[in-house]
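First chain A sits with chain B, and in the next complex the same chain sits with chain C.
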Partner chain A sequence: MIRFDNVTFQYEKAFSPALSDICLEIRQGEFVAIVGHNGSGKSTLAKHINGLLLPVKGTVSVCGMPTSDEENILKIRQKVGMAFQNPDNQLVTTVVEEDVAFGPENLGVDPDEIRARVDEALASVGMTDYATFAVHHLSGGQKQRIAIAGILALKPQVLVLDEASAMLDPSGRAELLETIEKLHREGMTVVMVTQYMEETTGCDRVIVMKGGRIVLEGTPAEVFRHTDILLDSNLVPPETVAVRDALKEMGYALSDDVLTANRLAEELCPLL
Partner chain B sequence: MRDITLGQFVAGDSFIHKLDPRTKIGMMILYIVMTFLVKKIYFLAIPFAYLVIELILSGISLRYILNALKPIRFLLIFMFLLNLLFTKGEHVWLDLGFWQLTGEAVLQSCFLAVRIILLVAGASMLTLTTSPIALTDGIERLFAPLKIFHFPAHELAMMMTIALRFVPTLMDESEKIRSAQMSRGADFESGNVFRRVKSMIPILIPLFVSSFRKADELAIAMESRCYHGGEGRTRMHQLKFRLADLLAILITLTFVAVLIVLLVLFK
Partner chain C sequence: MSVVINHLTFAYTQGGKPLEPTLVDLDFTIEEGSFLGIIGHTGSGKSTFVRHLNGLLPCEKGAVVVDGHDLSVKAERKTVRSLVGMVFQYPEYQLFADTVFEDVAFGPRNMKLDEAEVKNRVQNAMTLVGLDPERFSARSPFDLSGGERRRAAIAGVLAMHPKYLVLDEPMAGLDPLGRREILALLEKLRTESGCTIIMISHSMDDIANHATKVLVLEKGRVCMYDTPQNVFARAEELQKIGLSVPAVTKLCIEMNRRGASVPASICTREAFLNWIREEKKHA
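Right, the complex of A and B next:
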């Protein structure tokens, strides 16, 4: 669905490339997390998926369409919706439903069809009751859900979240993650860029980046086996994994796919 | 600070509220034309009657109109006195030797004051009964035909939409910056006017910097949502020109016609 072929990117006036020789394929229906410390190139990578940035070398293609072709760009942006970090800086209009309508309005969709899409998008993020609210009265988590509704109204196939949870409080973050997981269950391909390792435990695949390169890739269970690489990339594994590793060192037989507190409890109980 | 109302819109369900924003803009323009056509104070009764009818139909309390007039009270007094002092006339009411109070001066001063009051009150009727969003929409549609002369109607409306959207956000932000600067020992409350204005700089500069960052991020977000200018754009809320709109325009035109007839007759 999304293909990166030997992608290299360097910002103007930068001394080193932000991405070097990235090869990556994201399949339909996958839930991929891209993790990395500040400056690892994870956001740069995300911005390549919908052509906000174009590779200096190599190609990025979405459903077979290269992002470098100007003619594809609207089609690509309709297929790949993108949510950003600051909830305040991505909502365009004052009223919730008008903001959700912004995307389809840009595509020139018929007014009745826009209405239907807006209602559907608001329902799927659970914000139907807030349709006529002013956006500045909403909490951070609610604003992010509206931002996602605005993307859903474009009927995308891929949802890219560029650190969308970074500015939210814990409850807002949980709210957002729940929404994303629901959308994924309904068939959405999700690419989530994050610094928070505990958000990645429910993913299909975790990609760890450092210095513009992919240093580790695999299922959460596989990735969290390499605590050394994570720490070397300035990433902190989830607390559950730390506890699991500590217990393992003390001689308890726990499996590698223990990633959540519930799972840990399940495996520990028989040992007591 | 968060609950500040944008503009002065008073939500309502009246005949006037339900009119198409384009109709209301048109009505206001005709009303302004009326007040400017008049050169004698008693003819101002026509636009005044129009305003009173609009006010009654809209169900807006007179308090809001008076509030709208408050900021111009000094201007009004100033204009009134200036005209009183410098208008020459024949009917001398009071002679102080170096200056005469004439009947013409009193009439002229009152005329100008009433005209300004009517203008401001009429304009505020538009903003009191039309939400900023509807107003923006109306402006965009109304100016759309000017696109052939490369008038940026869509861009103008989009700028207004975004400006309205960010007013509360920037207010919040300036409050935060103010607190942050105060916690570093900045003093905003003492000193003379100049000192106080100068003390705003530590608020304004960070606010500007953050506005540019916001603008940049918003532009990226808009692009990601397929924004590519006004071309080929549709709108969810369609503006509808209904029978009521036609009626309102016809009534307004009748007032204009009556006024013109009166003006010609009593020249």
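Right, the complex of A and C next:
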């Protein structure tokens, strides 16, 4: 669905490339998390998926269409929706349903169809009851869900989230993650850039970046087996995984796919 | 010496009329040398509260008294501001000077210290936050990485030698290593220079591991004010007001649901592993 072939990117005036020789394939329906330290290139990578940034070397293609070909950009952006960090920068109108309708209206979608899409999008993110609310009365987590509803109304096939939970409080983060996981279960391809390692435990694949390169890649269970590489990449495994590893060192036989409190309790209790 | 919060109530105004109070009858004492963690849902009054600690917002009802200086007395405010350092959210947005040195020197110069002392303080503060003065003094703050910029901003506050350091979500937006560096710095300040730390944070793990006292605010009122062990033992109440609990507390709840009897006060990895060792001994 999305392919990076030897992609290198350098910002103007930068001393070193932000991305170096990235090769990556994301399959349809996959839920991929991209983690990395500040400045590791994870957001730069995400911005390549819908052609917000174009590679200096190599190619990025979406459904076989290279982003470097200007004629593809509009089609690609209809397939790939993107949500960003600051909820306040992504909402354009004052009323929730108007904001969700903004995208399809701009595309000249038929009014009845717009109504149906808005209702469906709001239902998907669990915000139906807020359709006529003023946007500025919503919490950060609710605003992010509206921003995502606005993207869903464009019927994308891929949802890219660039640290969309970074400015939210824990309950806002939890509700956003729940929404994303639900969309993924319903078939959406999701690429989630995040700073919070514990948000990645439910993903299909975790990609760890350092200095513009991919240094580790695999299922969450595989990735969190390599604490050394994570620490070397300025990252820290989720606290639950750190507890698991300490228990393993004490001789408790716990499996690698134990990543959550629930699973850890399940395996640990019979051993005590 | 301490910060005494005495029946503090505060309401913002709109069009001259007071709104619903944001803070209601806060009444407690922050002990010198402690590490106070402040938690609460968005809109619970956390940021409004800390803005009272150096008089950025007026004490209309009740009082805030820092080391015996009452903030409601105008003449005392200057003294209090020299005692209480304030690090706001995303403090790096406030960097403005051409070089890191000039930026960090801004506060001490305002204190009318002589240039030798200014230089001394700037270099110490930069060293403390892990920015080598030789390498970083002449650089533009805008050329630094996110984590370095954050630390440069904090150095500017530390150079004023505050006795009480107030931080509003100092780790927001930093990567895990950046977060660790800030926490290590705060621990160092507290243990080595006896600086009192007052920190708002959404990270329950960080609060469990570093705070000596936790203040839980809910709708502008004190919901709990206790040790982290006692606060996180009340996990159900915290979850009811939309707050999360440390990862270890979550684990203990899941274990107890399965018939284990982990004490509710265990909220850090260290405490949990100690408990496991004790259990093993008795098994």
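In this text, the second predicted complex is superposed on the first by the 272 of 272 C-alpha atoms of A that agree within 3 Å, B and C clash if a C-alpha of one lies under 4 Å from a C-alpha of the other, contacts with A are read in each partner's own complex, and residues count from 1 in each chain.
Following the convention adopted for this analysis, a residue touches a chain if its C-beta (ideal position, glycine included) is under 8 Å from a C-beta of that chain, and two chains touch if they have at least 3 such contacts.
Just so we're clear, the structure is a prediction, and the values are computed from it rather than from any experiment.
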- Figure out whether A:265 sits in contact with chain B (first) or chain C (second), or with both, or with neither. second
- Task: Look at A:37 in the shared chain and tell me whether it touches chain B only, chain C only, both, or neither; answer first, second, both or neither.
- Result: second
- Task: In the overlay, answer first, second, both or neither for which of chain B and chain C A:239 touches.
- Result: second
- Message: With both complexes overlaid on chain A, does A:197 touch chain B (first), chain C (second), both or neither?
- Response: second
- Message: For A:109, using the defined touch cut-off, is the partner it touches chain B, chain C, both, or neither? Pick first, second, both or neither.
- Response: first
- Applying the touch criterion given at the start, work out whether A:255 contacts chain B, chain C, both or neither, answering first, second, both or neither. neither
- Partner chain in contact with A:90 - chain B first, chain C second, else both or neither: first
- Query: So which bits of chain A does chain B touch that chain C touches too?
  - Reply: none
- Taking the complex as given, what residues does chain C use to touch chain A? 41-42, 145-147, 172-178, 180, 202, 204-205, 242-244, 246-248, 250-251, 253-255, 257-260, 269, 272-273, 276-277, 279-280, 283
- Item | chain B contact footprint on chain A (complex, rising order) | 47, 50, 52, 74, 77-78, 81-82, 84, 86, 88-95, 97-98, 101-111, 114-115, 118, 134-137, 147, 150-151, 154
- chain C-touching residues of chain A, taken from the complex the two chains share: 36-40, 139-140, 166-167, 169-172, 174, 195, 197-198, 234-236, 238-240, 242-243, 246-247, 250, 261-262, 264-266, 268-269, 272
- Query: How about chain B: which of its residues touch chain A in the complex?
  - Reply: 2, 6, 132-133, 161-162, 164-165, 168-169, 172, 213-214, 217-218, 220-228, 232-238
